[in-house]
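So, here's a batch of structures to check.
Here chain A shows up in two complexes: once beside chain B, once beside chain C.
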Partner chain A sequence: MDAFLSATGHILTPIPLLWCFLGVTLGIIVGAIPGLSGSMLITMTVPLTFFMGSSYDALILLIAMYVGSISGGLISATLLRMPGTPAAIMTTLDGYPMAQRGQVGRALGLGITASFVGGVISWVFLIALSPTLAVWATYFGPWEYFTLVLMALVLIASLTQGSMIKGLLAGFLGMLASMPGVDPSTGMLRLTFGFNSWAGGFNLLPVLLGVFVVSQVLKYIIDAERPVTRIAASNKGMFMTLADWKRQATNLIRSSVIGTWIGILPGIGASIGSICAYTAAKNMSKTPEKFGTGFDDGIVASEAANNATIGGALVPLVTMGIPGSVIDAILIGALLMHNLQPGPLLFVTDPEVPYTIISTHLIANFMMLAVMLVSVKWISKLILVPTAYLMPVILMFCLVGAYSLQNQPFDVWVTLAFGVLGFVLEKIKVPLAPFVIGFILAGLAEAELRSGLMASAGSIEPLFTRPISASFLAVSLFMLVWSFWGEWRRSRTQAGGAAA
Partner chain B sequence: MKSILKIAVAATAISAAGLATAADYPEKPIRLIAPFAQGGSTSNAARVMAKAIEDNDLLPVPIIISYVPGAAGTIGARQVKDADPDGYSALIWHVAANGSQAMGNVDFGPDDFELVAGTDRKCYMIVVRETSEYQTLTELMEAAKANPNTIISADNLGGANHIASVLAEDSLPGAAFRHVQFGGTAKTYPALLGSHAEVNASSPSALSSTTTKGLRVLGYMGPERHPDYPDVPTFKELGYDTEFCMYSWWFMPKGTPADRVAVLRDAMVKAMDTDYLHEQTKAQGVEHIIITGDELKTVMEAEKTKISAIGARLRGE
Partner chain C sequence: MSDKITTARFELFVYAVLLCIVTAIFWSTLDLPTSTREPLGSASIPQIVSVIVAIFCIILILRSLRAQRAAAAAPATEADALQSVEAKAPSAYRRRTDKAAICFGLALVFAFALDQRLVNAAILTPAFLLALMLVLQGFRPRSILPSVVIALLVGITTTYVFKHFFYIDLP
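After this line comes the complex of A and B, so read on.
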């Protein structure tokens, strides 16, 4: 407790607060720019932190960047339908349509507030339950992971607007695109068609940038002849009303808890947390058909969950010294470079370090709320910038971002190729979100299933005998039947209406 | 008398020549490629060594580190392999130098470089859960022999922890673990704690990051006991003739003049004596050693033999 108070006391002095502010602001900016991601910002900053006097200040700066970058993604997701970070994919589904209706302030406000609430709720779990949660998370073995991912994959179908078949098709295409490269279970190369450059497979960032960003740029170029409808942006409704709070309370808590839990599980990041929370919100909603049309609940679920994964992912980091996400892996590297060995012993040897991480997480969330709400006035002007100026800049950031991932030109080609693919898919009205979700989840599902099968010597029995995996399986099955039944009923009513 | 003078003159001439070379080289920064992302243990080793050399003026020029990650280090390594052998390019790599070639993923290996030195020894240890029924290494090995292919070993197939686990079971004829793909420490540690796997081969640096909480170390695969784990017996002590250690290998392009390789090597040997390097290696849980000369050749050959045998077996599977 002393260590917690002294760490918090240190952060609340001017210089650390300044670092925190700088980190949050830079994080938001980088998060908002498609192509630049939080992990890039943090990787680039780590070497610079050696010039900072104290390693605590270095930690404060890095954690603040982490919080800022996951939050900033909602800006471009809402205004441009381009997720600034992978975590904001689901925010594009409702944020953008709402902004297009002119409710820019409300769309951003909902996202910002939900981000904040998600962050704070996950922080409560982080401080109160860290050791317990970390142990619980180990009960999740290959079968539990696999069925969790399977559940999310099945939900792809229910996510899509319009034709469910096209949604599934997009999901399968995404899964297909994740196959080439290193076989996750044996380390052997597969489906590389003899190209050396395919050996690493297609990385998430270039694929995401291509499908969501380059495709939009292409669409703009091709549609440029037509006059662009200019929407009247209004900043009204930035702050959630009491009625909003009441309506969203359950959704906020549920999505934050889902996000926190997904964050704790090692190896699954913020994007999956937000996918799961969004689909849970949709399936439990009385009005699931409103999701994807600019519905409050969609924005809230996605943003509360993706911010909650940060607090969740910090749990295994501070308690066990193992990373819950890519950014956490970089943070562990940064701790090592500052001569601090992350892990449970840290609470004994340097208790200020884990408590600095924990306190910064909370303070950075408050700062994120303040910075975003104050700057939203200017941020929302982005939507008024003529697209002709915006697109080349965004395209440049995209290509630079793809290249800087591993300094390889191949990633640039991947970005462009998936841009064309995304453009074509959209033209034939195949939705893009299921494509990316299939891409993200397929590799994970495959790796976990194959680990499980190796462990059970080829038997699929544990799938049904392990209680958690059996219940996940039952939920997936139920949701699949439910969505098909819903679709069938809708088409029958429509057919009936047409006949009458 | 005359002849003694001649020798003296010759000796002066030789040392003058030596001085001349030392003065010519290095005259510009040396580019060290770390073929991994920043923050990893090999990248850290590179950074720490470069800083120790620079802070103590052991070389007249700085060492500039370029991080070139990807494909187990082969992308960065290839750049150094193809670089001019002028003494201004160097590479730090690890067991993947042998592993990538043994697995058939690349067509070059340690023989295509000049070997400068080996540092940072990390010998693997066999760990189980604290609540595991296996109290000693002997109990575990006998169980693996009595019921082959049932005890689950959490591995990263084709990776160092897999190789170590295979070498461990091979040390008792008839013993076999069931090798299951989990991944690196971030996945194997929770797998052990959550009873999804029974045994894991882990490096001390990975173990110290989890501080062995909830784990029991049964045996150490190094030549002698690890200073941080004085109670843990080595495999050899218990009669299992096996060893598996990883090193950071330092290379320069093939054909780099021997005297230039020696300049870098000497600077590294001196750097090993600095307090800074001592502290850093200790913090990262690796053994603070540098091997050069004949010992270096022997150790590298031994690693190569072991890895290529296992590589052939894995590829045959």
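After this line comes the complex of A and C, so read on.
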């Protein structure tokens, strides 16, 4: 409790509040611009946080960006019919038709309020679950951690849209990409192919900059001439009435809870949470036919859930050091770069760190509500900023940022190489999220497997005999079988349809 | 129809390249000595992971081949015809792969210049920005002046901040 109050007290002082405000505002703007995402913004900001002096302030800035960027996506989803972030994809279905009907303010207002409520409800889960789970996680041994990483990889591979095999391929490719350099257990050089510069391995930041920024910039340039029509934003009818609150109460709570629990599952992000909540709202609605035509319930379900996934996704991050989503994977990287080892012991060794994350999440949600309600009209004018000016600046920051990490041009080359890899993988519909999560978690998985094997004299028996690791393994196997079966059924149906 | 075949061919090419890479990785781990202190050694995990990746690549190669064959054998459907009409519609936009390739080429030149410390960053950065902006805008007289102003402003400010505030050793 002391650590929580101390962390909250720190955030409520002028400088951290300023970072929080800056983070939320930048996040909303970037989230609102189609093609740019929170992961891009946070990745590009990480190198700059080294110069901020305080790791806590760096965390405040990054978490605020996270909250802002997920919320900002609803602006372009409503005004352009293009989700600013993938998380807002379901908002386009009802937000845009409602805006087309002339109820722009109402569509934006519903989305903003639902985002806020989703964020606050997920925060309640975050603060309630995290300390307890962290204590539970301290009982985890190497086998539990190893199987937890496996489960995270399988979950993200099976629940990302598209083929399960492609998801798994991405995850294992990410693991492989993290292996060149000195093997931390034996001190031996491996996979360097004679290049001295590879001895230190590939740093996380250049890899992230390449995969998330360079590849997206290239994609954005290719599609830059796509015609878009923007509906002008309006503040009219932005505040929800008492009748709206009464009508949406169940939907808000249900969608927020769904979003939070989807977020807690390792590796699964806001877009899945939003889809699940939208589907649940539609299935439980008395008027499911209205969904997709500019219906209040659709916007509320999607936005409450996608913001709620943030709080949920932060639970495995602060308690176990396992990313709940791609942005959490980047946050883990940022923590490591600031010499903070995420995991349950953080609550013991440096409790202000997890509580700074938790408190910032709440304060950033309040700030997001205020910033969005006050300035959505102006922010909406930024969403069509010309690509020709924006993309060069982003690419330049990305390359200079990679260079600044260690004053080494090698990192710039790594950024460009992984940019191409990310671009190619996306082109063949191999998801990037499992790649990054595999890259980040490979070291942890390998270290824990080695420790476990050393403790059991080379036997893998504890993997099956220890209850927690056995259950993680069982969940992974179940997800694997279920996903492959689903894919097989889909391909059979398609083949049947084609034959008919 | 031909789009499907081209996509399947591109996928096939990428998986084949990945398969070659993981084979090379597996091969390079064979030289690593086994550890005497712990059960796994440095080679085991990369070997296991590269075998798994190779298996996935083979499965995906087989799938791409099947897709390619199916696309070649199937008659043109109404959906394909509709797609091709849509692609030619006036609202359809031109995908600028050429511009993306040029921008990436410029990024490689920028990286090379940084690596070799060929030019002072205060000149290199604005020049890089200006080149990218002109490629993306096209060399229209109306867009040149704003591009020059933005490139100079952002390029010089960034270089100054990184060099003098963040103490980064830029050329």
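Quick note on the criterion: the second predicted complex is superposed on the first by the 273 of 500 C-alpha atoms of A that agree within 3 Å, B and C clash if a C-alpha of one lies under 4 Å from a C-alpha of the other, contacts with A are read in each partner's own complex, and residues count from 1 in each chain.
Going forward, contacts are C-beta pairs under 8 Å (C-beta built on N, C-alpha and C of every residue); 3 or more make two chains touch, one makes a residue touch a chain.
Note that the coordinates shown come from a computational prediction; the quantities given were computed from them, not determined experimentally.
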Superposition-derived comparison: chain B or chain C, residues of chain A touched: C
Touched partner set for A:Ala447, first chain B, second chain C, both or neither: first
Which superposed partner A:Thr138 touches (first chain B, second chain C, both, neither): first
Which superposed partner A:Leu218 touches (first chain B, second chain C, both, neither): second
Which of chain B and chain C A:Phe397 touches, first, second, both or neither: second
Touched partner set for A:Asn407, first chain B, second chain C, both or neither: both
Touched partner set for A:Ala388, first chain B, second chain C, both or neither: second
Partner chain(s) touched by A:Ser185 [first = chain B, second = chain C, both, neither]: both
Contacts of A:Met284 with chain B and chain C, given as first, second, both or neither: neither
Which superposed partner A:Ile165 touches (first chain B, second chain C, both, neither): second
Footprint overlap on chain A, where chain B in one structure and chain C in the other make contact: 185-186, 188, 407, 450, 454, 457
Residue numbers on chain C that touch chain A, as the complex places them: 7, 10-11, 14-15, 18, 22, 24-25, 28-29, 32-33, 35, 37-43, 45-46, 49-50, 52-53, 56-57, 59-60, 70, 74, 91, 93-97, 99-100, 103-104, 107-108, 110-111, 114-115, 125, 128-129, 132-133, 136-137, 143, 146-147, 150-151, 154-155, 158, 162, 165-166, 168-170
Residue ranges of chain B touching chain A (in the complex, touch as defined): 37-41, 43-44, 47, 68-71, 75, 103, 105, 149, 152, 156-159, 178-183, 185-187, 189-191, 193-197, 208-211, 213, 279-280, 283-285
Of all residues in chain A, those that touch chain C in their complex: 48, 50-51, 165-166, 168-169, 172-173, 175-176, 179, 183, 185-186, 188, 190-191, 193, 214, 217-219, 221-227, 387-389, 391-393, 395-397, 399-400, 403-404, 407, 409, 412-413, 416, 419-420, 424, 427-428, 442, 446, 449-450, 453-454, 457-458, 498
Footprint of chain B on chain A - complex, ascending: 43, 46-47, 135, 137-142, 184-189, 199-200, 266-267, 316, 320-323, 329-330, 332-334, 336-337, 339-345, 406-408, 447, 450-451, 454-455, 457
